[in-house]
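In the two assemblies presented below, chain A is common to both, partnered first by chain B and then by chain C.
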Partner chain A sequence: MNAFRDIFLTGLLLGGIFALVSVGLSLQYGVARVLNVAHGEFIMVGAFITFWMLGSINLNPLVSLVITGPAVFIMGLILHKTLFRRLMDTSPSLDVFEGKSMLASFGLLYVVQNLARIIWGSDVEGYNFLNSTVTAAQIPLNRLVALGFVIVLGVAFYLFLARTRLGKAIRASAQSPTTAELMGVNIHNVLAICFGLGLGLAGIAGSLLSTLFAIQTSIGLGYTVIAMVVVVLGGLGSITGAMIGGVILGLVSSTVTFFQPSLTMIAYYVIFIVLLLSRPKGIMGK
Partner chain B sequence: MKTIRMTRNRGITLGLLLIAFLILAFLPQVTSGYVITLLIDILKFAILTVAWVVFSGPSGYMSLATAAFYGLGFYIAAVFSGTFPFPVLVIMAGAVAFVVALGVGALTLRLRGVYFAIFTFALVLLVQNVVLEIERVVTETRGRFVDTVSTEGVYYAIFIVFVLTMLTAVLIRRSRYGLALQSIGEYEEAAAHSGINVVRTKVLTFAVSAIFMGMAGAVIATRRTYIDPYIAFNLNTSFLPVLMAMFGGMTNLAGPVIGAALFTYIGEILLTRFPDLYMLIFGVVLILAILFMPNGVLGLAQRVWRKIRGGRRAPA
Partner chain C sequence: MLEIDGLSASYGKVQVLWDVSLRVDEGEFVALVGANGAGKTTLLNAVSGVMRPGSGSIAFMGNKVDGFAPNQIVDLGLSHIPESRQVFTDMSVRENLEMGAYPIRAWKSRRNTMKRVFELFPRLEERAGQLARSLSGGEQQMLAMGRGLMSLPKMCMIDEPSNGLAPLVVRDIFRVLKSLHEEGITVLLVEQNVRQTLAVADRAYVLENGHNVLEGPCCDLAQSEHVRKAYLGQ
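Coming up: the complex of A and B.
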């Protein structure tokens, strides 16, 4: 019974992190139509900015969220305004744009990863932060804090989409860009903001992840793959789906890890492929 | 008038191809060392790119599974290294890749657009992890050793595979399958309604293109003495052919070959001049190529050529 409880709790905590890693990707694909293979690289950037500020000015990692989020958001805005906007204008159809933007983001993966390597080196880094454990299940405090942040961010994000004018514009653009534009939405700005928000969330996720796991400039692709699995699981473009998908994958991960840790990655891919084949639209897909 | 020019053009093309063929066939007799090594690399990528274009070019299905078939070739060469002669290994790799691709294709080709790309992307990583796990449990090792073949032998092997790839690509393009694939790419429902067996066409061409990827893998594996799943199933092998095809242009088969040659050569120069910045510059080149050359080098050349010739012919 205790083992079951531990698996469940670990899975839930891990799921929260997976959800956080994935929501940004879902937003980038769902609205801006960019399947960003470089998503994980920005998680890595967020993690390293946090690590670097902790080392240089001893800034609390949870405070540095306020800096990494906006910093990566601005990177995303600039990237969309220069790179993806131009691709969109020159592509004859949405399918072509999706293909090209995916390839361009693969180039971006190289650029970001290698810039980071030049700046921060390729060593494994890490630090201890709130890693005392609480309760009978021996849950590390930093995981609980991370989960708390995920929930707060999720609610804030939901309110932003549901209640604000910009949120409404984003939802309209996700449904139909053309109609949204006809209704007076500045579509290019909305797409750029969505792409930026997606990256900003990746940056925040990176900050939180650096409190939990060791970081390295090459960790990006692993997180991208997790985010892709989660996003397909929940339905491409659905924010709620990404949250649910994250928790499901977290539970699967902790279960498989309990029995045979080396099969975890295989379990991800098997779920992913079975799901793609049986229900490509995902759990919350339309 | 028009037919005469057509035949003359065709004659020139055939002559050029024959000269290129002869030069490539007799090159190892004249030089050795770096030129041959570079050509092996170029031919390898030319095979992967052309094989990718055969299926993904006309159909519009962006396959990122190249590394899976290429890596399978690696493993066939490694597992049966020493038990079978080199040519048999290469043929076996092609056959295995064909069968696997038939299975994968039958399962996945009903996925459309970005889902197909994601699926094939994940497939490479799945195969990589499964092989890693099998090796861990069964052989309790991570990598394997491969018997090497002389550089000249590898060169001729990859050259023969390249010629086979080009011939097959041309034949498929000219056959009913090529036309069918083209119409699937334009409008799949319409193609199905006009009597094309959509599933068979897609799966079969997908599998045929995988043959050459597997063969190339088996040949190149002998260039390395040691392989492991991370080397064999590398995502770069999936993405680079796509980028090379885009870089060269996909309107005809010369585009992918030119793209692969230029791209490999540029990569080689970058690697020797700026070993630290290699990947960074590479990424920048990729992004710029996607941004500014929508029809590839060939498209760019055609545009310039049309400008030089002026208004003699109406633009197509």
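Coming up: the complex of A and C.
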């Protein structure tokens, strides 16, 4: 019974983090049309900024969320304005742009990862944070706190998309950029904001992950793969789909890891391939 | 109000518009008619900034606007209601209307504007909470027009509102167009439904293969030999 509860809670927590990361990728690909292979690198950047600020100025990791999120968001805005916007302007069609953006983000992956390696080295790092257990339930406190944060962030982000003027503009631009422009939306700003928000979510997820697991400058690509599986699972470009898909994959991950940790990655790929063959449009796809 | 002079435009190597000129005065109801592929939609896209014209000039309320981004054109008060409706299918009717009020100056008064739009299209109010995808073709066209009014435009360019709709619905659409114009909005209507268009507009331009061929008051055009043969089947 306890084992079942642990699998479920861990799955929910992982799922929530996967959902954050995947919603980020979905914004970048579904709206800004950048297939960002370097997405996971910004999780690593968020994790290391948090780790570094804890070590240097003893900043509480939960407080550093407030810094990593916006910092990585601004990196995203700058990247979009300097790199991806230019690629878009020089591409004859969106399909060409998608291809070019993927190649460019491959380059970005290596640049970010190697810069991080120069700054932080390639060792496994980690720290202890709230890892006392809640006595009655025997669940580490940091997991519960992270789960709480993920839920709050998820709800806040959902409300942002559903209720605000900018959130609506993002959803409209995801459906039809040209029509959104006719409504008065400055499409290039919205695309840059989507790219930045996507990266910001990855940065925040990185901060949270660093409170739970050991980190290393090479962790990024694994999360990029997870996010891609989730985005396909949920349906390309669907934000709700990415949220649902993230939670499903988190539950799969914790279940498989409980029985046989070495099979977790394989389970992701099996799901990915089965989905591509059986339901290529995903859960919420059209 | 809108002055287009010597406009040429191409998609890649295919030239679609050749030296087209057109003028719409404030308060006028002007129609642009012509067959499929004559370049009517391209002309509207060039005006609203969706595509860049090759040469020629476009002025709106005395300001040169060619090369402006679409959001700048909307901000100036020129609303383009696009071909085949293009409603945001995954958003509710109300959210679609809110998107129409995206420019800041319109956003602030969106609730009042929406009330006016609901008076014009009572069906939209009944369906305000529904997803736009669940509307019929006629209702989607009404939504597209209502959405285009939400930015509080001085002038509307409406692209083929009657396309694909049943005759009874088309009659409704034309009635609404007329009342829009009576409310003081300048209208440039693009249509293939020449008979009904000439009945509601003040003046019309005929576009063929990307060239201006005829222009004049609608009553004169309706009598012209060419228009009667080519467009009215007489």
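Structural remarks
Just so we're on the same page, the second predicted complex is superposed on the first by the 280 of 286 C-alpha atoms of A that agree within 3 Å, B and C clash if a C-alpha of one lies under 4 Å from a C-alpha of the other, contacts with A are read in each partner's own complex, and residues count from 1 in each chain.
By our rule, a contact is a pair of C-beta atoms (placed from the backbone, for glycine too) under 8 Å apart; a residue touches a chain by one contact, two chains touch by 3 or more.
All of these numbers come straight from a predicted model, not from anything done at the bench.
Applying the stated contact rule after C-alpha superposition, one finds that A:Val270 touches chain B and leaves chain C untouched.
Look at A:Ala104: by the touch rule set out above, it reaches chain B but stays clear of chain C.
In the superposition on chain A, contact of A:Ile57 is made with neither chain B nor chain C. Shared-chain residue A:Ala3: touches no atom of chain B or chain C. When the two complexes are superposed, the chain touching more residues of chain A, out of chain B and chain C, is B. By the touch criterion defined above, A:Asn186 lies against chain C but remains apart from chain B after alignment on the C-alpha atoms of chain A.
By the document's definition of touching, of the two partners only chain C reaches A:Thr178; chain B does not.
Using the contact criterion defined above for the overlaid structures, shared-chain residue A:Arg165 touches chain C, although it does not reach chain B.
On chain A, the positions that touch chain C within their shared complex are 165, 168-169, 171-172, 175-176, 178-187. If you check the complex, the residues on chain C that touch chain A are 48-50, 69-71, 74-75, 79-80, 82, 86, 88-91, 95, 98-100, 102-103, 106-107, 147, 151. Residue ranges of chain B in contact with chain A, taken from their complex: 60, 62, 107-108, 111, 113-115, 117-119, 121-123, 125-126, 129-130, 133, 136, 235, 239, 242-243, 246, 276-277, 279-280, 282-287, 290-291, 294. Across the complex, chain A meets chain B through its residues 29, 35, 83, 86-87, 90, 95, 98-100, 102-104, 106-111, 113-115, 118, 221, 225, 228-229, 232, 236, 262-263, 265-266, 269-270, 272-273, 276-277, 280.
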